[in-house]
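Working notes, beginning with the structure itself.
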């Protein structure tokens, strides 16, 4: 089987993570996964949401957006029509995933907002947002720590995310838009550096999948996440 | 380990499915999973959404709501504040799950809308909605078929859903609200009668989970779904 | 003249009031008036709206909703399109009516919210909501009083509501949907146990009505409200 | 008993109806009822709403608004916050009332929209809107008829509206804002020239009212409506 | 060249400013510029917006609206569809312009809201709103000052506004709707009594304009503003 | 006088225009004016808005947005709160300006949408959007022409925009955010290659400005626009 991109089934797209690309943000990362480009910025706020107040912990949340022409056909701007269901779903996923890497008690009194804005889309925007958003979060935490505003460095674990899928009957890593459109099953995995799962979302788009296939997808995801975490560490200089 | 409800780890709550509880709907099922009660109705429409037109197929979609006092603390009505992200996420999940059991070509020209309204909530409202919504869908299809409006019976497969989780370090089936609140990991499984997966959503609420734990959750879910599908078949008289 | 239901002109539909049907609410009543079924729940809140603050009184308010398929043709969900004018009008009427039975000073510092959600509709949903909502309100007041959170029992008067109309030239009580659709005049009466009026809303749908006809409608309403109040008293065990 | 305005219990405020005050509208009337001033304009449209299509009839509808500083304390603009419940309720009432004076078949294919905008408010804005709106509607019908766009003059009956109430235990006609604020009961009557009722809305604001009091309010309203219809006829030159 | 109205190129329409036309407002002016009629009211509030707090100054803001049938074709009500871009743009302009005439420190602790509602439109509604709104603002300041609520009279400068344009190649003052529709260039000038500019907004609707033409438009505007300020002074009795 | 950036009063910031930066759009330009970065994309649609239909012409429109952390303090996302007035005002300005350079008849049947999304802001985002948006528009027109979908190349004139202002009493070109915050007067000029004006918007932020000062601002703007148009021509290879 050949992938239209010429990639091996186990091969990621070309990944780039440029840091400190925004002069205002406390942390920022422009992540490029092939033709999927996401601008991730971290904003540190001195106040926490209502439900975190007086719990001795801080909070991390995320928002997600797409530029209207990030996609092949122009989408209507969400500022005109309101946020659609998919946006809500994705930003909740990003937030949960990033919090899993944090010791929230170490940022007591602070909220860190991660904005993930898709500049150009070619499949995998939610996983790129998690992987790139984690880098922006890491840099903002580093800044807080270096400035002495927090005592303990709050990152517990590196977190990255990748998609796998069953395309033409074959299990492949890191689907681009074309592959995503024809995949029988599409699954997103959020994992940490120890190979543990933070989140798994698998959907049978066209055909149900067996427990054995789930196992194959998971193994492939683990190898992809390992590579991504190595790149994250390099990007933040660790 | 003892569950607060006295249930065994592998034991479902008491399940009831009352059919034809709504005089207007083409199909209806009031499903009770312990103290979680969801009213599911099916509405058959003679037109399909724009993106299905001229594809030779029909469509199934779902909407989800909660009565304001279905929960322990009263929630604001979504008709006043707009649908929140969680609602969007759940109704997309229900729709995808139900479509996986259908031969959509067999309902060419029709859209079936499944409304799942939570009358009382005690955990597991989205899985109850899928399981009960499927019964309403089945009955509506039966009616369409008996009236000769469609030629082939469109149900390909029975579909049901259940949650599993890791509570106090133990893997348990069908979490109620109290267990859900303290679960380290919470996962929802949508499966068919052959033991295949339609959707899996697992989230590490408090602690990452290992691939081995994922396997345990999956086995437990399979046994739960088997029981639910048996009850669905009984409810629809098959 | 024969009513399609076989009822006498002065005859109510079969009325049922099931109390404590919701495990979370401070008071609840599922009222069934023939095929019109409304779930009424009462929620007690420890704070009052802005305009009641520091007046030495509490407040009672109501919200009204319909499940999408409570009606013969499915309605769009108000959480998607916003509340329509009819909803606003009805919930303002329910709130005003229920407050007329209360000594609001006796619940100083509390707001009681009555949610009336129509599970199935067959005409007369607003009057059923008032009659059933009053029962839920009564039970919540009883609970507040029994728990010693208020000193004086705040219910001054039993309140119930019923519709009358002129159908095919005849004055009839408690219109169902079919009668409502063809009525020349339709009027709703909210009254107390002494036969006094709290609210009257009469509309000439197809033909103006005379002062003499108004008098006839009023007499019929009085007999209907008497019956309903007897049933309310029985339901709350008084 | 003396009214603060010095009016007799049976006395209307000073009423003025200025017609053709808007150069664009097909009919217009600036009605002044004491310090309550409402600008009423009629717009004729060549198309009817969806539910009237192919019924052989036209339609009349109404919209209602208040300038932000028409009231003693400035209100927020509804264009910023959306229409509130009271607005929906009033414009539905105006529309129903005006349609009761029309032979809708005579305006087949046309919709007439009556806009009632309160320039200054001092109680009774909804009844002034109906009375003044009817004049604007009459003039628009006259124009349609004179231009030969419709064959039969569509006005069946003159329609006017007035409020009555029980203030300090006395039944009085045409309440101003001050009286309205302290009234025990407040009722609005929409009637035709034959003394028949189109709509009655009575509310016990502070104390329930008896059937006998309802009768008194109704008699007073009849005399007020008679006066108003005489003024309407004068205004339109009939 | 002849203007369709018969006016000279340098001639304003007939201008009227009626003051104190609203019994509730702290200041009011109904300005008529030919067939353009705008009701301007001033509301004094005892609190300032968030961004002014603790700056030692008060604030002036404006809102703008049009009655649905103020225009030749009826417009949809903004309370139904939300405020459109043009409304936002105009009310920001009115607010900025009025603030330019004020010593905001002299109204420390107060916000004055100017509502400009177009009763009838025939071109130039935004400039009429500024000119008439200034009169309402002046009267409200006078009232505050006379009642001793502020120490110093806060008006620094009279402010008025007028449009000029290039119509059929000729530079003309104070365009009405018909001229505005065919103008090649349309410009609005806000100026003070000293001939200084507060705001200039020039738009080439159909053809770019030269710096020399801009100079001509500006001279014409200055003469128009001089006339308007003389009328404002007369209206407020200065 | 020294500018904090060290620039001469007549000196633009460093300008970069990168073209074809988006693989999906029909034309694109990432414009950088110092630290202000705007992504401009052009989308060609095969249909025109309602008001252009059957006029023998096409249309050009623009939308504008800012990423939440494009600014020094993070802004709320407009998809959550709706578009604010400033956004409406800016996108209307961009659209008008771009249309001034077009022969709209030459794109009969097409609408070109220019999206201007601010990636990073440091003053002058609206003028950068016009200048960069024009480049994206030019490229999209070129593509339409080269593909033979239109007969005549529709660009009539190059259009660019720049701000000038009076800062500390000195007239300076191309204000950055810091200068903009303290400017007494701020003006935006949209001009063509012949030195003609398309749009002028001048606002006295803190002090009125004289006709003579307006003249100075205009001269400076002309020199700035000349430079920008030279860069646009270079970018599109003309």
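So that you can tell them apart, the chains are marked A, B, C, D, E and F in the order they are listed, and the count of residues begins at 1 in each.
Rule of thumb we're sticking to: contacts are C-beta pairs under 8 Å (C-beta built on N, C-alpha and C of every residue); 3 or more make two chains touch, one makes a residue touch a chain.
All values derive from a computational prediction rather than experimental measurement.
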item	value
Chain hops separating subunit E from subunit C, counting only touching neighbours	2
Reference subunit F; chain at largest CA-centroid distance	C
Shared interface numbering between subunit F and subunit A [over half = same, under half = different]	same
Centroid spacing, where centroids are CA-atom means, of subunit A and subunit E in whole angstrom	51
Euclidean distance of C-alpha centroids - subunit A vs subunit D, Å	60
Residues within subunit F bordering two or more other chains	82
Of subunit B, residues touching subunit C in the complex	22-25, 28, 35, 39, 41, 43, 45, 63, 65, 67-72, 74, 77-80, 82-83, 87, 113, 115, 117, 119-120, 122
Subunit F residues touching subunit E - in the complex, by the definition given at the top	82, 84-86, 88-89, 91-92, 96, 100, 157, 187, 191-192, 194-204, 208-211, 214-215, 218
